[in-house]
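Each of the two complexes below includes subunit A, the first together with subunit B, the second together with subunit C.
And now, the complex of A and B:
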């Protein structure tokens, strides 16, 4: 719901401003090293139906919705956490090299193009539960989270 | 109705009025009841139709309300099922975001029921209550059929709160699991809410589901299940357990929403009577409100229309009771009743008039009967009447009453000589004079003929009567001029006094009459009070007189005849007719007794005429029988002689009896002729002119003037028997007789001697030259039969002496 609101706010901006912001975000993601401390480990989990391994780049592409299908043709359903969630911030630093707030404009842009941002869950358990149920789903949880029924695709960092 | 009328109203309204009142009231009530019945009936029909319409509307409206609510709920359910948050059903709502959302929805939408979210396995993962747990699973009947996304759950128990509910179940899909059920979202709608929607103020709703099970029955009205088909066929009236119901059936219109309930709106017919009862109350109220003035109006009308009748009835009763024809009724009405009243009044007026006329006629007749028509004085009847009334009055006041009888002297003479007309005028004049002599209170009556009676009422003393009597007599004295005749009238008054001379009407009148005769005997023109000793003499006379009055008509008079003898030849030459009265019970009465009475009463005139006629008839009869023709001598009274038409009477009788005038010899006394010598000469001449012979009777007793004797055309002198009786012994009488005979010879008048009884007398008379004689020596007066015998014998023997 909050995302929809952002989208409406962003929609009011002019086109050139939006383009400048986008390039800035991209630069920030690529050029900045992780700010957040590696306080905890993050587990990237996936539906057990996912056979492929996932690289960090692939992970970043998935979460930026640049790729939508698994190699077997399965649709990729990424699960995200709320924007202010520390785990998401940490995950964003790690994978996208940018804090989630910095990507807000990007998601707005995507939204205008008819692409919905990843589904957001509020808890690790929910992420696990969702990933377990939804084929092609991929998410990240803190390392302490039980991962019964899901496939740990990667450990971060 | 009559019995309800108070008595005062009964008196106020007669029977007809009460009948009218009853009829009009009945008419009013019937009319009002009819109109009311029609109105009520129409109202009832209208009510029924309206109720049917209302029930139909209610049925479909309620069903629509329910359906709309249900559709609303279903659409909500569907919308909510498609929210992104429903993706959390995949995670069994680990984050409680669904639960939060559901609670929020319930709050915001003010849902009467709950929202339940189930995961794909049917486990309850979230609800708008806080009581959900994964241990609870979705009821089997809440799961939509495969390949369908929606299910309407009919009335069934809510497994979570135990109440009855309907529910809307929507399958939740996610974009992440296309064509897979990710859960179910069920919205419940508690049955109590449905019931509240279905509640009706009047009537009931019965709700049936598709299979015909009763879902709702407002207050438990008996359901006409068997009649459902009929209800569908719109035959909405049915009866159950003696109660009538009206029902209307409705089914939802075909739409996407799969609601297949049926509803029956039902109302008991009794419930519909409410408005009818209200209308009935109105009718009764107006029946009273209109009825009260209407009743007054009807009473007024009944009174108004019958009042003239009762008035007239009362008037008729009044008239028939009291004969009071002055009674009228007031003309109060217009139209026929007014005409009736006027006609009644006119009729009574006319009756009154007629009655008045009749009364006047009767009074006039009575007056006529009580009045003498000639003088307008009261007659005998009224006089007696007045006297009868006066006597008791006088008795009580200790007064006297005088009865005066007046008889006019010589009235008969006036009447006979001057005619009845003069007599009548005389009577009228007398009446006037009498009236002038008495007081208003006294009565003057004419009893008949020339008899008057005067009643002096309330006389203080008998001494007061004599002046009045004198006054009356004096009043008669002045001469009366009637035509060319101057009449001198006197009267004889007889007076009787109450109570002195009689205590009753009859005796008073009888005594007054006797006194009057007494006065007459005293010569008339005088008054006489009644005296008791006058009775013996006067009664005989009185009786005789009254008998005499009828003797002529009863043919009690007869004639005897005495022969007159020629002294020379000795033969019978004439007969003197002498009257005799054969009085019943007495026998023959002497002429000496009754002839003066005849003279006095005036009866002598008709009786004398009868004698003349009878004698002439007898003479004629004898002549016809072949007997010798004799002279017939008949006596004439003074009244006859001086009567109105002596000559005419004699001529008429002679003609009627075919009598030869020469045979008739009328005898007149010397005193009659000498009383009025000059008129007598005229009469005598007239008589001799028609050939009748006249004789002077009783010659020598009066004062005959010899000079007159010379002038009188008489043929015979009758020498009075008083002279004859004593001859020849008495020289004086003999001289007188001789002188008379000598004088008669000298005047060439025959002489006849009366009362010859002896041979000496006859010889003396023969010797002196007297031609004729009559007397007992020859023959007494004899009846006609004896005379016939005598004449036959005499005729044969031819000698006078043998007569006896």
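And now, the complex of A and C:
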């Protein structure tokens, strides 16, 4: 340690320490995938036959399978992404406030009780295609996804 | 005829049943390991297969048991298929058929097929459902989600089944809120006997004239508390009736998931002699995640039954590996002291798949 310190003197050493700390903090921030992904915009999209907008509370109730019908009587068909998908992780934390693994357990329990869990789609385009085709369907996609033929119900975060 | 028994008397269907069960189990194992051919592009393990308005799903539970002082055994403890549909607001049928206790040892004959659930849901409005038929009794959490891949231990606590009917054939009115408060409530009544009564592993008694309610409040899917109250007549007791109260909860503290249930049952009347006029007890379970896929489970229970003077005292430790939420490998050590009720102490291992 003494050998290392011997090469710096006064203000030069302080500046080096400040640069090192700044670099470390910046690297830590950039290296955090969660923080980077939280900046991703999400579009909540629905079949054109349903509501014009949906609140966060309604979204949570829909994905926790606590409401089954739209006001027009159409059955709600929520669409999800795969368990490890970053968009699903972000959506789960933003709207459902639970980690995806815990929610997967919850949906399995609901399925055992006769309630269909959200349908899983493998890509943003697949979500849009499904929502466009299936009456009552609702899903979420990244903001850069073309949304032709579906209704944008909400922008997150 | 709710049950087809393959007993020792004819000896003709146990071997074939065991072979079929073994084939099915091997297919499930291959599915779990990802080496079986896909049955459909849309199929995902744990979500069942959608067939029009219907969903066909099920679960399997292969158990190796080495009870203290008893023979080791490999059994297909449960192989269940359930089919449900959402055809319209008033047509939402549900059927579950289960094969229980099929021994996979050569030249053994066991197992039975049981209709566990058969009902229809009438969605009266967005928060109210009328359910008519045979259903799981809403007492505590465990009974409603008792499928092996969905619970943490191989053996089942006495608290979750011993003092009440696990099934009722009834009309049930179910309420569910979704606003600022997350309340669920069920009110149900079974005027006569349970249909398709099977006398399964977790049905030590049969009941009639059952009525009860269950209310549950949840902050979120992982934290809730509930209360169940039920009255029933016990069929094999010479006219005894009982009233049960049960409180239960699931909650998290940090990363530890807790589950708890406590019952008190008051028994009155009846011609048979019993050690107590009440049954009471409870269990507490803690699940600690080591990683996303590995868990350590600890469970303790004390239960006083009406038949025995002494209480049953049980504790279990378990290692659980869940590579996916629908697949569960478990290794359990159970210590059981007191009267011979419930699963005996020993070592248990299980492989369970929700498919």
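Couple of notes before you dig in:
In the analysis below, the second predicted complex is superposed on the first by the 119 of 157 C-alpha atoms of A that agree within 3 Å, B and C clash if a C-alpha of one lies under 4 Å from a C-alpha of the other, contacts with A are read in each partner's own complex, and residues count from 1 in each chain.
Note that a residue touches a chain if its C-beta (ideal position, glycine included) is under 8 Å from a C-beta of that chain, and two chains touch if they have at least 3 such contacts.
Keep in mind it's a predicted model, so treat the numbers as computed, not measured.
When the two structures are aligned on the shared chain, A:52 is found in touch with neither subunit B nor subunit C.
With both structures placed on the common chain, the touch criterion links A:66 to subunit C but leaves subunit B unconnected.
With both structures placed on the common chain, the touch criterion links A:129 to subunit B but leaves subunit C unconnected. Set side by side, subunit B and subunit C differ in how many residues of subunit A they touch, and the one touching more is C.
When both complexes are overlaid on chain A, the residue A:84 reaches neither subunit B nor subunit C. With both structures placed on the common chain, the touch criterion links A:152 to neither subunit B nor subunit C.
When the two complexes are overlaid on their common chain A, residue A:106 makes contact with subunit C while staying clear of subunit B. Subunit A has no residue lying at the interface with subunit B in one structure and with subunit C in the other. By the touch criterion stated above, subunit C contacts subunit A in their complex at residues 44, 46-48, 55, 57, 59, 82, 84, 86, 89, 92, 94, 121, 123, 126-127, 144-145, 147, 149-150, 176-179, 182, 220-222, 292, 325-326, 354. Listing the residues of subunit A that touch subunit B in their complex gives 77, 119, 121-123, 125-126, 129-130, 133-135, 137. Across the complex, subunit A is touched by residues 84, 87-88, 90-92, 94-95, 97, 174, 176-177 of subunit B. Residues 57, 61, 64, 66-69, 73, 75, 83, 97-98, 101-106, 108-109, 111-114, 116-117, 120 of subunit A touch subunit C in their complex.
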